[in-house]
Amino acid sequence: MDTPHEPHFIRPCTRIWLVLMALTCSTFAIGETGWSGTAVMLTVLGTAVIKVEMVANYFMGLRRTRWLWRGIVLGWLILVSGLITIAYLMTVK
Amino acid sequence: MINNTRTSHEIHATPPGDLAIWFFIFAELLAFGVFFVAYAFARAHNVELFNESQQHLNRLSGAINTLVLITSSYFMVRAVAAIKQGYSILCARWIASAIGLGFVFLAIKMAEFHEKFSAGISLSTNTFYMFYLSLTLFHFMHVILGMVILAAIMLKARNGSYSPANHTGVETGASYWHMVDLLWIILFPLVYVIR
Amino acid sequence: MQFQSQAVAKPYFIAAIGLFVGQILFGLIMGYQYVVGDFLFPAIPFNVARMVHTNLLIVWLLFGFMGAAYYMIPEETETELFSPKLALLMFWIFLVAGALTIVGYLMVPYATLASMTGNDILPTMGREFLEQPLITKVGIVIVALAFLFNISMTVLKGRKTSISLVMLLGLWGLAVFFLFSFYNPSNLVLDKYFWWWTVHLWVEGVWELILGAMLAFVLIKVTGVDREVIEKWLYIIIAMTLITGIIGTGHHYFWIGTPEYWQWFGSVFSALEPIPFFMMTVFAFNMVNRRRREHPNKAATLWALGTGVMAFLGAGVWGFLHTLAPVNFFTHGTQVTAAHGHMAFYGAYVMVNLAMISYAMPMLRGRTANSGPAQTMEMWSFWLMTVSIVFITLFLTAAGILQVWLQRMGSTPLGFMAAQDQIMIFYWLREITGFVFLLGLVLYIWSFFCKKGEAQTAA
């Protein structure tokens, strides 16, 4: 008798879930310290970018699709986070 | 009926779920993206005001809500996995837990809104609060919409309408729900943390 | 024609085209008054001509929508209309009420008309597009309710397709938002605020549902593409329309005394409004490319494709042009607005009605399509009208940009009339192009009477 095997994507997704939780805690911790400045801003935004890619590629399953679909989300992400970064750097100088 | 084909290395032509939902997701990403960028540039013109007002936000509840949504999103991954193995009832249970966490999110968010509204804060208080309230309210409505979609899918799953061969519906709902999570993952650091 | 009761659509379509001619004649009168100020003075003042031009536009589009509904719904629901008699009765009531209103505009001064028709009891008149006397407005509501009752009953007893549901939703929305025309608070800000609930939520909300449904219907008929594919597109387009269009109302709330956050809401959401229009274009071309049959009515296909493109250009591109608050700060209420208004109305609602009439009218006259020469003539009319609207839009845009430049920018801005004198050339060009448009319209009508060639009879 065949038994259904656990779909291959569960384990990676569980690991991703734990990483996402940890990264959220780190972002929160940075917020609590009240630090500011370009490096902090880039760290926090960079964390968010990584998290979004994790959700898109693993949870949404885009890593198992054609590059077109990953590219759309990645392009959107680079555009939005890039513009946000520009807007922040405008104010430091 | 047991689906025993391994699909791990297969590259699919289209993303999981109905392709239509993906066009919708991209349009939603665009809408939020424009809003995020508008926030950043509005802040650039008024850094002090934004930094000052941001301190009065409840960062803890924002962070907890992030954890809640991420976990809820993960539950939907499990729901998809369950239906791929043919476990309809298990799938419905995972979806129900995802919806349950959706309610937790809404409750925490409403407590936060209540706090702000009773402090007399409104859309017209200042530009920061205008963005804070409208971004989070707009996202709030998407959470509700996502929960409605999930509820419909849960009922169908419970009736046994999905199977390992036919579970596009579950993937469609899951994709939308992941998007709601994904947006909050940017919204939280942008509005609550970055200064 | 598959169902007997579809025949009631015919008088609606004929009336629509008749009123369309009237609209264009008054447009030409006004266009001439722009360059020769005392033309037809004092018989037809500019403000009266303008009112007639815009009201005829709205009324004929409504005739077109109703005719389209009477034609589509029986075929979609696969059942005869609930009551063809009621439909015909409402046609005559609507036509007579409309004609009397226009006669009223032309015969008596507007203020007299207002006091004659009970405007003192419930003041609703004097606002652009909603100038109709109270009794006419009430008449419109009665006709709309009877029409909706008739259509809804038909849908209830028949097959429920997404096209008929979207159409129904759009038509109900049309009626509901018209109710705001009865609400006229004396506070000027609130007056404007709710006025847009009718005007904007019509053209950038519920009418778009009607547009989507009509376009989908014609495309299914001429391409034979699977309903399922078309329905999916329809739903996404509708969802995007509502998400962007409802809060997009804010692009009219920048400078009327509403809270400042509207500048953000209006700019962001309306900037996304072109998306559904763009999807409609892609949708139309996609369906035609995937067509599974060669429908003999080539002209209708051309109109359907044209609707997608021109609606995107007029509403999407020309709308986007001035929808961001910092731009609108300069262009608000200039010829740029008029340029956009012309191309958007023509590209979206005029063209979809012409597409529907082009498809349905031959059917109503017992043939699948008009003869080859007749269709050639109709395609000429397509290009004449479309190209002249494009040029009218370009001339008005040029006029508008110059107007902004002369009157609202620079260190020594000119007064309104002084600036107008400087851009007179564009008004001349607009007027000349207007006659080409009229020629196109005449050809359109003529093509239905063209006797040359063999009409394709129903198989």
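Should a chain be cited, it is by its letter among A, B and C, assigned in written order, with residues numbered from 1 in that chain.
Please note the rule applied: contacts are C-beta pairs under 8 Å (C-beta built on N, C-alpha and C of every residue); 3 or more make two chains touch, one makes a residue touch a chain.
Computed from a predicted model, the values in this text were never measured in an experiment.
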Notebook entry, point to check: Linking chains that touch, what shape results: line, ring, star, complete or other?
Noted result: line
Next item on the list: Farthest from chain C by Cα centre, which chain is it? Let me know.
Entry: A
Check: Which integer distance in Å separates the CA centroid of chain B from that of chain C?
Finding: 38
Item checked: Centre-of-Cα separation between chain C and chain A, whole angstrom -> 45
Margin query: Just the number, please: Cα centre separation of chain A and chain B in whole Å.
Written below: 14
Item checked: Residue list for chain A, restricted to those that touch at least two other chains -> none
Next item on the list: List, in ascending order, every residue of chain B touching at least 2 other chains.
Entry: 30
Check: How about chain B: which of its residues touch chain C in the complex?
Finding: 18, 20, 23-24, 27-28, 30-31, 34-35, 38, 42, 123-124, 130-131, 134
Checklist line | Touching residues on chain C, where the partner in the complex is chain B | finding: 232-233, 235-236, 239-240, 243-244, 259-261, 264-265, 267-269, 271-272, 275, 279
Checklist line | chain A - residues contacting chain B, complex | finding: 2-10, 13-14, 17, 20-21, 24-25, 27-28, 30-32, 36, 41, 44-45, 47-48, 51-52, 55-56, 58-62, 64-66, 69, 72-73, 76, 79-81, 83-84, 87-88, 90-91
Next item on the list: Would you tell me which residues of chain B are touching chain A in their complex?
Entry: 2-4, 6-8, 10-16, 22, 26, 29-30, 33, 36-37, 40-41, 43-44, 47, 51, 59-60, 63, 66-67, 70-71, 73-74, 76-78, 80-81, 84-86, 164, 171, 174-175, 178-179, 181-182, 185-186, 188-190, 192-195
